Each structure stands twice: as structure tokens, then as C-alpha cells.
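Lettered A, B and C in written order, each chain numbered from 1.
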């Protein structure tokens, strides 16, 4: 597969995803062996207009484990001597001459595509606006299900939380729709339900899904529970309670013995820390997979040059 | 040439500049070959009291392409546990023990020289105060003209914009005055014209120059147009219009076929993006040269030890 | 010695300290030879919830001189997309999967221990709260005395400044109490004297100490003067003068010819810059030792794996 930029999760076909997952497993072995030096002439720039220590570290560690080097900004917005009318495009053109790949977290939807249109080097979208994409998160979510369940075909997944604004949930739904006989349950207070565009997409692709089911009824039957945050303030203002969407040991007891609990992290109250000890709690393994998936993506970009 | 610190652009004699330019061309080839590892035992500290992502990345990429490592601050001022009465000199003495070269952007004029006076390792001035110096910018500007025109003797240069506060314009004028038969046109609203100290310097060194000419008349005859920012607020408050100092395709049409348009970047409205496509638009090549010039300076410092 | 985490200075027994000091001397030689590459597969994360450029650079330079790589935050607090109820423990679990050691400066006392309890990799405490520990500073202070005086047994040390809040002074007193025939003088305005817990500890371990002596009388007789900051505002509010606790050339003249003046830096007015030129002024050598001690600790952690 030739890979030029990583902008949105839907750009990956099923064969692309399988190549990515094969490389990801290889990367896990590479890390266990102490990392690689194959890319020690490469420089990655992490240009984060919105700070995220975790995501940035995951990318930077991926580059280091490949032998490369990193130009880093914690908060490009705070520290740009912002010029009136200064363009993202100019910044990308300039920084693209200093490095071999740019990891961009931009504050505006569509920022990553704008960057890719002018960049002399590959762009990886690490999030563009709250309504935008965060494809590496979606890819590591998908890889985790694939890796733990052994397949994606026939998988049943319950998605819980604030689904309307949940960037990761939306991307995951898109990606899962590429596979066979997938079943999706969207469990949320109706005010926070998944938006119509996703519903339309699933209908168009004949994906089985169900809305507004009772978690108590659904969770015992699914292979994967993908939990995301519910902002308490949003609930308060709508006079709703989030507690029925939280995962706790009682809930866990009713789930399948080999089910998975996933969460993009960081979590707040929506997963009880007591759940951490259960082997079905896969969110820290999921986070670790982020390192391997990002390494795999970097190698795909560098090997496509 | 023995090089101990890089504090101000005038410290470089013409033979020094020629050695720098020879090394700079070598560095361009080094980067094309994937960089060097000759300096992989070296550590550079970038100590930026005023943030500048672009300048910092250019220095850090230069160090990485030489194989070295980087200690980095985005904003040393924001994040120092500032102690009452704490001295720059103490900070430099301490950090100088952790690294092999310090790149300093200080907020006060003269800060770089104060640092050099006590530092155990070379200091590179990456800007010291708005009235101060930014020698690596001046050197990369000069290199770009030299590299694109093949010579600096006999060059005619129009300098446009807010020339009174333009640090880069001032430094470039100084450096160009070292060469033979140079002609300088300073084009600016009279309120923003180049200051008397530069005029005195040029007179003293018998450099041909002209002030306040009409851009329409001058631009068709020069080899280089060096454009810099005009702060719109300053103009507004003085009831002036900047548009006649902007570069647009119409203006470009009247310029020499092999002229150069330079700009220290970032730009605002003073260069129309339509100009970017013209091969005479050299500002992105100029920015890229910053990487090679900084690599060359680092090797000169390290090789002088 | 097996070393798993570096949380508090008292965790080191005298044999541990001797192993550390032997390694520290080796590290000094390693740096003089241009550093090591023995740990070039290792990644260190510096997670600073309270910024400190100097301390961070010292750790990062230590890692670089060992050949390793660094994930860096200048200010994790400013730039975390803080989630309501987000736990340090989760952050450590996640980041611990990206690196081989975490250097943590946390804003709460006990933060380092909480991190160590869940971390998959070693934690080094780089300061946890103003009442907490900063063990690497204490270890480099102790090493400096050991290295310059040749022994720690029988050493007499005067500790000056705001001793009640002085984290470094408190830790040093603990460490020195492990050695034979040590004499400690605590010199401070009584409002800022060392706290009862240290006094109790010294009594319990039969360490000779004296409080509230006159600096004029004590300083001529001690081997080491450990000076720390007095916050002028605290003094002003208590109508006290700090000047009698300052070190100046007149004071220096009355000290032993081979005495040491130490200070954790940065200093304010409490050491006259004229003192810097005297060979007894050891605070910059002390700061440099921080690099070697931190390298030594990193090797002890990595070699214990």
C-alpha cells in the first residue's frame, strides 16, 4: 500500500487495514526487542495547536522506538508569535522543510486536509477540531478489537456515552461498517445519541444497528463495550443521569466472559477503578496498542516515499 | 576560521562569510544524503525566553541533521520558577554545563553578549530584543542572495516595509555593505524609514543607497526585492496605506525575469499568495536555507573547539 | 544494589550511597569522553506538573549523555486537557507504556509514591509538593560534599536560610544523619528554623546539632556552609533582616581555607556574586554534579531491570 498522508480513518480500505495490522504486530515485537534503528535519519515534527500530552507522547515514543528524532511543541498556539493573517499553509510549508513527517493537531475541522494540500512531507492528523477526525485513535481502537477477538467480522459492539460529540465513537462506527455481519448498539440518553449522518451511513452500507436500548439488556450479549466520556455538565443541564451508562463490577459480572471493555482514555467516573483488575478491562492494552499502530503508520509513510 | 560565539552579524568578515557559505552548500548535500552522524555526541540547548516555533525548529532540525541531541524550551519565561533577582548569567553557567552549545533568544537587547561573557559553551544569538540582533536570519538572507545570484558584488537590492523596526532589514543592510558596488533602495513610508545609524554606516563605507523612491519605478531595475512586514496597526494610526509596498502578480510582471523576492516569514498580507507560484518567489527556498546555514554555523562552532 | 524507584532520599543506605557515588565518578569520566551509547534503546519521560527548566534539563542531559531519548513536558498542568476526576495513576499507567523511566515533578506531596505504586517503569521523584521530597537534589548535595571533602564522617555543616520550608536542607539533614560524628548547625531566624520532625530524627539517631547560633561565630569553624534562599517577603512580613545570613567576601575571609559554600541554585541576593571567584564557592560544581548523579541513578535503575 502507498500511503501519502493519514487524514481520516475512512481512507483505509479493508486490505489497507490488514496491512496496517500486520505491521502493528511486527512493531510490538520490535519494541519488545528494544526498538529499531531503521529510521534513525528521520525527523518527526509534532505540531499541536491543542495540547495533548498523552497523544503527543504516543507519537513521539513511536518515532523514538523506530530510531528517529522529534521536533516538539506542547502548545503551538500559546507560543506562536502570531502574525495577523498568518496561514497554517505557510507554517506547514516551512516546517515541512525541516522534517520528514508532521503530526498535526489543529483546532479547526479540515485543518489536516489543508495542511496535506501544501505539505512537502506526509501529514498525520492527530485531531482536527471537535467535529473533525482523529484517525489514529480509531485505528488503534479497531486494531485492539481485531487483536483481542481475532476477527472483526461478526463482531457485536455496544457504544456508550455522549455519542453525539464523541469523535472516537463516530470514527469507530465508520471503520466497523467496512466489515461483515457487524452489530452496533448505540446506548445513550436520546439527547446525546449518535448523529443522523452516521445512521445514514450505516443504512446505506446495510449495517445492523440499534439505538436507545437498555444497557442492562444489551451488555450481556455483546463482544465489545466501547465506553466514552459523558460530560457531567451537559447531563446536569438536561436533567439526565449518566450512572446507568457507567461500567462497574456489577455490570461486568453480567457481561460475556471474554468480552472487552474499551475506552479512549482519559476516563472520569464512567469506569469504576475496581473494573481495572478484570482481564476484560482492555483500555490500558488499547492505549499501549496506540504506540504500535503509530509506529506501523510511520513505517508505511516512510516506506512509501 | 575560529568561531567562539555567534552574537551579531557584523562579526563575520567577508572571508568568514565565504567559509560559511562553502560549508552551507556542503550541508545541503549532507541533508540530501540523509544527514550526518558526525556530531552525535553533541547536545544543543534552545533557551527561548520569547517563543518562536519556526526559528526553534530550524535550529533543532539543524542539530538533528548533524546527529546531535536537543534540550528544548518553548517558553523559558512562562515556565521558570522565577526567583527574585535571578540572573541570566547564573542560568547560562548552569545550563552550559549540561550541553555543548546554547541557542538563546532573550527578551533584552544585549542578552546574548551577557550570556557569551560567562558561558562555558558557545552561544548562538537567536534574537535579543526587538532592537537587537538576529544574526542567523541575516546570514541566511545573505546566503540566499549569494546562492541564487552567484555573487554579492554589484547586487542591487530594494528593501520594503517597516524599515525602522525591521531587525532583519537592518542586519542585511550591514552585511551587504561589506561587498563591492552594492546598491540599496529603502522603500517605506517616511514614518517607517530606515534609521539614521544605518544611513551613517552606509555613508561611512561609501555604499550607494537611495531613500523613499517609488516602488513602481525601482522594482523593475533591482536584482532582489526584500520585503518585510508592515504592522497594519502602526499604519492605521498614521493614516498611511501599505498597499503600494505589497508584492502582487502585477508588480511581479514588471520585475526582472531573474529577480528574487525574499521575505523573512511569516508573512501577512504583504505578499499575495498568487506570487508563490512564480519561480522568482524565493522565500520558501530562503527559509529552507536557514536549516543549512544553521548546520554550517554549528559545525564551525564545534570544529573550533 | 537493586533500585526500583527513586522516591525519597532516606531510601538509600550508606552502602547504596557509596555505590551511587562510585557510579557518579564513572559518569563524570564518561561525559569527559563524550558520553555513552550504552542506553540508546531507552526512553525517559519528564513529566513536570510544576515547571523547572534547570532540573528538567539536568535530567534530560543525563539521559542524552547515556545515549537515550526523551519525551518532554515543560508544564504538564498547563497543557493537559484536564478531565474532571482524571487521576495521576491513569496518566502514569499510560505514559509508562511509552517509555523506560518517568521523571515526575508533581504538585502534591506523595505524588511520586502514588505514581510508583502503579507504574510499569521506574519513577524518579523530581520534587513532589513544597513539603515533599526532591531526592536527586539531596543526593547531589551529599555527593558534592563527599567528593570535595573526601569523606562524610566527621563533617561539620552549617545550614543557613529559610530552614522551615527548605526542602533541600531537610533532605540533606536526613542523609547526613546516616554518617558518623557529623555536626550540624541550623542558622536561621527563629521564625524560619528547622521543624521539629527533623530535630526529633536527629535526637533519635544521636546526631550532634545546634540551633540559632550566630553565623559570625559558627562559620569560621565548619567544613561546609549550605546556604539556601530566604524569601524576602516572608522576612518583611516578620520584620526580620536576612542580611546576616548572606554570604559575602567579608564572611568568606573568616571561613576555613578549604571550606565549601554550597547552594541549590537559583540564588537571589543571599550569595554576593563576588564570592563566585573564590575556589570555596562550590555551587556551580555542585550543579554540574547533578548531571553525573542523575546519570548514575539512571544506570542503577536500568541495570536493575
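By our rule, a contact is a pair of C-beta atoms (placed from the backbone, for glycine too) under 8 Å apart; a residue touches a chain by one contact, two chains touch by 3 or more.
Treat the numbers as computed from the prediction; the structure is a model and nothing was measured.
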Chain copies touching (chain A, chain C) - same or different residues, decided at half shared: different
Degree value of the rotation bringing chain B onto chain C, based on Cα positions, nearest 5: 120
Chain centre separation (chain A, chain C; CA means) in Å: 41
Numbers and ranges of chain C residues touching at least 2 other chains: 72, 74-75, 78
Residues of chain A defined as touching chain B within the complex: 41, 43, 45, 47, 69, 71-76, 78-81, 83-87, 90-91, 93-95, 97-99
Touching residues (chain side chain B, partner chain A) in the complex: 34-35, 50-54, 57-58, 60-61, 64-65, 72, 74-75, 78, 229, 231-232, 265-269, 273, 284, 287-288, 291
